[in-house]
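Next up: the structures, one after another.
Next come two complexes, and both contain chain A; in the first it sits with chain B, in the second with chain C.
== the complex of A and B ==
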């Protein structure tokens, strides 16, 4: 009884900025601020070392990066860059979700690049080989998306299977499957060159765009709205998937089981959950998400996919890790963190175009932000502590702070509770 | 055959050193997922140092000295860079995966940012330089020794001094971690830091030591990689070698002998994929390119090492055992 009342007190006393959600956001904002400050210092140092630049250049530089697409100049360019930024954020949202879901189950999915490649291959092959003269375009589109996602599910299940069945560290299997995927995709497209490679535009390094077969994601006029950018409804699909995942993870038994598996594998096993099944399922879902992102990107209809990729892995796969980390693995947070990462990236390319600095300042700032986001627990602790120090002061001076009132209310409750007993 | 062993050695040494780097960090209790980033950083600083050294004709004359000095610079750079990881994960108790990921992103960003600002290029290549006699000499550290027997030629012709340094380092560091007091203390901090602290071991110091050695080795490995495998080009990437080394460390069960085995197996299979079409055997006076004549595509040979690692892991994983306390920040109150 006494314990319960204590809990009530704590809940009622929690000021706005101390709520867990709010303090997470504050911690992320502090990290972002830190990253920007370090980025500014780097630009400042360069401008001091370089005779052709002045200090004001570095200030202008950081403002350009911070402006993202808005520092493009005229309104037409701004709209165009904004549209493209939202489109490019789509696969990143999906790989971010992929990494985040695996993290929730206590797994580190560094295999998103491989799953991404498999998804791209599945979507491209299906969308380019089913003749749209026979089958309606929208059916082909759905089939392609499903094929890509399914390939990713299978590919992601491999590390999960190895982890569950053979107790092999998922990181090593993910890394191996990444490179296997890179070689398999190159191999498949190399042996089916005549059918898929874009000879028409002499872009022999790339696969035909899916619009070659008439398949493209509907845009609902978004591309026109954003000055003929690539934007289509895939960003909405990705956001919807994020919301669904949030609900699944937080409101369903299945999500609870996955999270329990992440907190303590042995305890969840003891509680009667099938922890092996959960590991495989979690990795399969993660693989499907990353692959779905790639499929959405390819099915846009105007993107060039480089097929001979056996030496490189897609950057969007790895960047899912920072996207997930920045959002503290919250599916809805991933939408914003992915868009933010692309926003800073666009700012970097604008900086490169407009000054003698280059675009690599964006990944630098992002890296520093991630570094600082590792301290989020420390920042949250500081926020929690700061209130404790202030409390006696407020009570002493009897300010307009709501805390004492809440205290009284809680005390009154306690008294009531006591009398009932 | 000689050719194959030589090539295998070139691929193996960077993998071996960087996998050893991972082992040192993880045995002290810190997950070093930043190996790739530290390699990139070491490679970049080493290449920059070699570039600056070679502005002076003396260093162009003494090529091997330049190599050794720039390897040293790369190792120091790697050690300093890894302090970022140590600071966040040891002092501030931050998540080690996050810190490592940040370093992995930071290293290419710094390298490419500086290369583009000062060289207006996307990669830093080792260019020919002028020696003291006024001749232009190409960049290259390879030692040629053609007048040795077959055995001598295998190990001393077309060799790099880094190969011997790598092997020597491997032996010294394996003995250090298993046979010295400090090595034992370091391993204790990765297994049960609270127990180690209770007998007076400074856990923070040991973890700093492990991570710093790890950083130095990874930086060194990164520079050796670009100097021997990647034609001396620092391009802000090491083709995922850091992650492969991480995989080999897990494959080797966090033990030096397992790691050296894994590195050789992987290095051999990996170089098979690169040179499969040059391999020949002499049958009745005729050169037969036996692998090329099978008609399988290059991608098949590139796949082999990764599939092989997975297969081996499937059968050996029951014995797999990571250091118990890795990834967990040391908390005195947890005793």
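== the complex of A and C ==
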């Protein structure tokens, strides 16, 4: 009887929750849940330690965070916050895509912050330099977007080039290019202060808004729809780019090649693909995406850009990493993960606005969720393993794919000898 | 079929309990039962072979015995007493030692240092190497291992490295010695020595488990043999009472031909001409391939034989374009110099290549089978339209190849390559390379690590492509394969072709002498030097 069950269990079809797509979504949701639970524990501890607060405050607090913009109170504020959330999500979608595409091709693009800065610089300089009295505004807008994107393409191609030609780890070069970008941007704007810095409003640390030159992304009434928020059509552009990337990666020979190089550089070379070119290309695309996000942000026309940035890197650049992780590097998933991260962020700021929780608590909860998103791979593995009999010391495969090539796994393991046990 | 081997009998015929008995072992992985109710009984002082195809569960079973896996069901007994083995340290405490296929030696240490590594004799932390050295020498002498304890491991031959591994087990007083495919890396002469050593060990009362899929070796050295097939126990037989054919029948489940059916070759025009090919070594100052010239004609299988590491791999990587050849080298395909052409150019102009390492070069393991089958063809009009992949055509093509070459997998075209067995991965590569239009097939160890059934199939396919008019350049380390498959043998030793032999007129022993460098054809040597 026991034998019968055993065989049934092994031979039955893949259960619904073990399908790759479904398990990715479940993994993301479990990560989020884990983050929220830890966040709640933090709130609970604070409320217990603080004699002015009761335990119920922590419960209210987590509900506020979870509510995101919907915790804002009246419907006008909710709409306003929703609109801004979508607007803020735009650059995050783009940096998330940047990281996800690089991941898909086996590269870790931690250079998104630098590419983002270069993109912002390119877009700002072009949009503020070309007189809109001579050139139509929409042409300036397009040129600015292209200039920013192009700078990012170049900036991303640098680590790609070093990786491809000299096999230098892209992470190292990316981190260096980040700081180089931060200093280049500061230096460029420092030496062109008269032209771009916002003296008019005496904001000497900031560059003029692009609207100063009349350049702004069309809103198509979205800003009005969302109660005078900053929302414009850039969220649609970002979403469309995500869909296009999904198609390129999954339906075209180009995506087939890029992914092949990411999975196995040697086999790609064997198959006659130009694996070096593909590495550079994929980093260049990643750089362009992050920079395009920055350009869309700046071209909104309402946002200040802090030019003396040599000590700080933009958070949205780094947050592309959790956005990509949370979406399991699926371009369409990135749209939702980026929006979700901003959603929790808005909830966090509502928390500090509405309760006596310190304003630093909300970024902490967001950080915990981001941290947990790193576990999505682990959770996926757990899902794949679930339903199996638990064994106390199952050292067979921790990181190995649990595949039917069990003999191979066994060999690999044997080759490790006792060292891991 | 005897699926329940004397289950209730815990003792060998003479009343002595089995030194190791693995009873009803079941080990499952997601989607597969690697070991299904397997029983293995090892008597004291016997050489017990464990035979099975790839994926039959041999390695899994040994990993269970060595403590690397915990079985779902089943028990292990030592001398009649139940034991649990949670990790290799437990296995070592029980006297179980293992020589892995790939040795676990520190190259820059001496033989002695390697042997005592982990069990260093010491007083208050100070090494007492003298005692250890004496003991190693004693052991080496009494088992005829002939190992120099002061030589550096990187300087000694593979055979001596293996004997160092054996000494490691003896030094630890292991009684149960597991050999995992021990002959894969040895020359014929070294294999003979190893067989004598193993017999000697058994005579001294050591119990030996010998994992192999080479029937000749098992027939030669083993006392009994347990056969596994697809994770199931097939039976245990006395070697004295069985034949090679019966064993292969048990292993594969059908009769297998051992000789390759082929007509004498009728060479046509020259397809590949290599002139003065030289490749720099990444490991040492000498050239890995030194001034090699050869040619391969239509309708013949030319085999480059040699012991692993004599430049064959470098020769092929330079030939196919994976690595650069030194200047002065010329590769001429059908009269056209392709030395500097890209890999894609070679792929699309008649070169098919079955690579040496199917995981490193042959497949993208994270891609599905169908994605792997179009790896060099995805850009052809048949499979793409304005850069958009024609998924329907890819699927049809893949289904056709799977059918034609009998590639077996769980989900057909959609199976991830990673989830396929080694034999079927290799079949997929062969299907892909042979189905592409080709004038030259470069096959590097096409049957490495495969079982007799798969080897038979692959040999048939290679002969078929030869008969269809392709030139075949075979690189193999397996002497049986070299002798049975090739029409012409070139021996490569230290990066040079040291002999050209006719398989019909030479013997394995003679080939072995060329491969070990003991013999070389002088005129050839002069040729390459001039």
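The rule is short, and it goes like this: the second predicted complex is superposed on the first by the 341 of 421 C-alpha atoms of A that agree within 3 Å, B and C clash if a C-alpha of one lies under 4 Å from a C-alpha of the other, contacts with A are read in each partner's own complex, and residues count from 1 in each chain.
As a convention for this text, a contact is a pair of C-beta atoms (placed from the backbone, for glycine too) under 8 Å apart; a residue touches a chain by one contact, two chains touch by 3 or more.
Bear in mind the structure is a predicted one, so any value in this text is a computation, not a measurement.
Of the two partner chains placed around the shared chain by superposition, chain B is the only one that A:368 touches, whereas chain C remains out of contact. Legend: residue contacts after superposition of the two complexes on their common chain; A:309 is shown touching neither chain B nor chain C.
With both structures placed on the common chain, the touch criterion links A:217 to neither chain B nor chain C. In the superposition on chain A, A:71 makes contact with neither chain B nor chain C.
Of the two partner chains, chain C is the only one that A:269 touches; chain B does not reach it. When both complexes are overlaid on chain A, the residue A:260 reaches chain C alone and has no touch with chain B. The contact surfaces that chain B and chain C form on chain A in the two complexes do not overlap at any residue. Those residues of chain A lying in contact with chain C across their complex are 3, 6-7, 10, 251-254, 256-257, 259-260, 263-264, 266-274, 384-385, 388-389, 391-397, 401-411, 413-415, 417-418, 421.
Residue ranges on chain A touching chain B, taken from their complex, read 42, 46, 50, 108, 110, 162, 166-169, 171-173, 175-180, 183-184, 186-187, 190-191, 310-311, 313, 321-322, 325, 356-358, 360-361, 363-364, 366-368, 370-371, 373-375, 377-378. Residues of chain B touching chain A in their complex: 33, 84, 88-89, 92-95, 97-99, 101-103, 105-106, 108-110, 112-113, 116-117, 239-240, 243-244, 246-247, 250-251, 297-300, 302-303, 306-307, 309-310, 313-314, 317-318, 320, 322. Interface residues of chain C, counted against chain A in their complex, comprise 26-34, 37, 54-60, 62-63, 66-70, 72, 86-89, 92, 98, 100-102, 104, 180, 320, 322, 342-348, 353, 355, 360-367, 371, 375-376, 378-379, 384, 387-389, 410, 416, 418-422.
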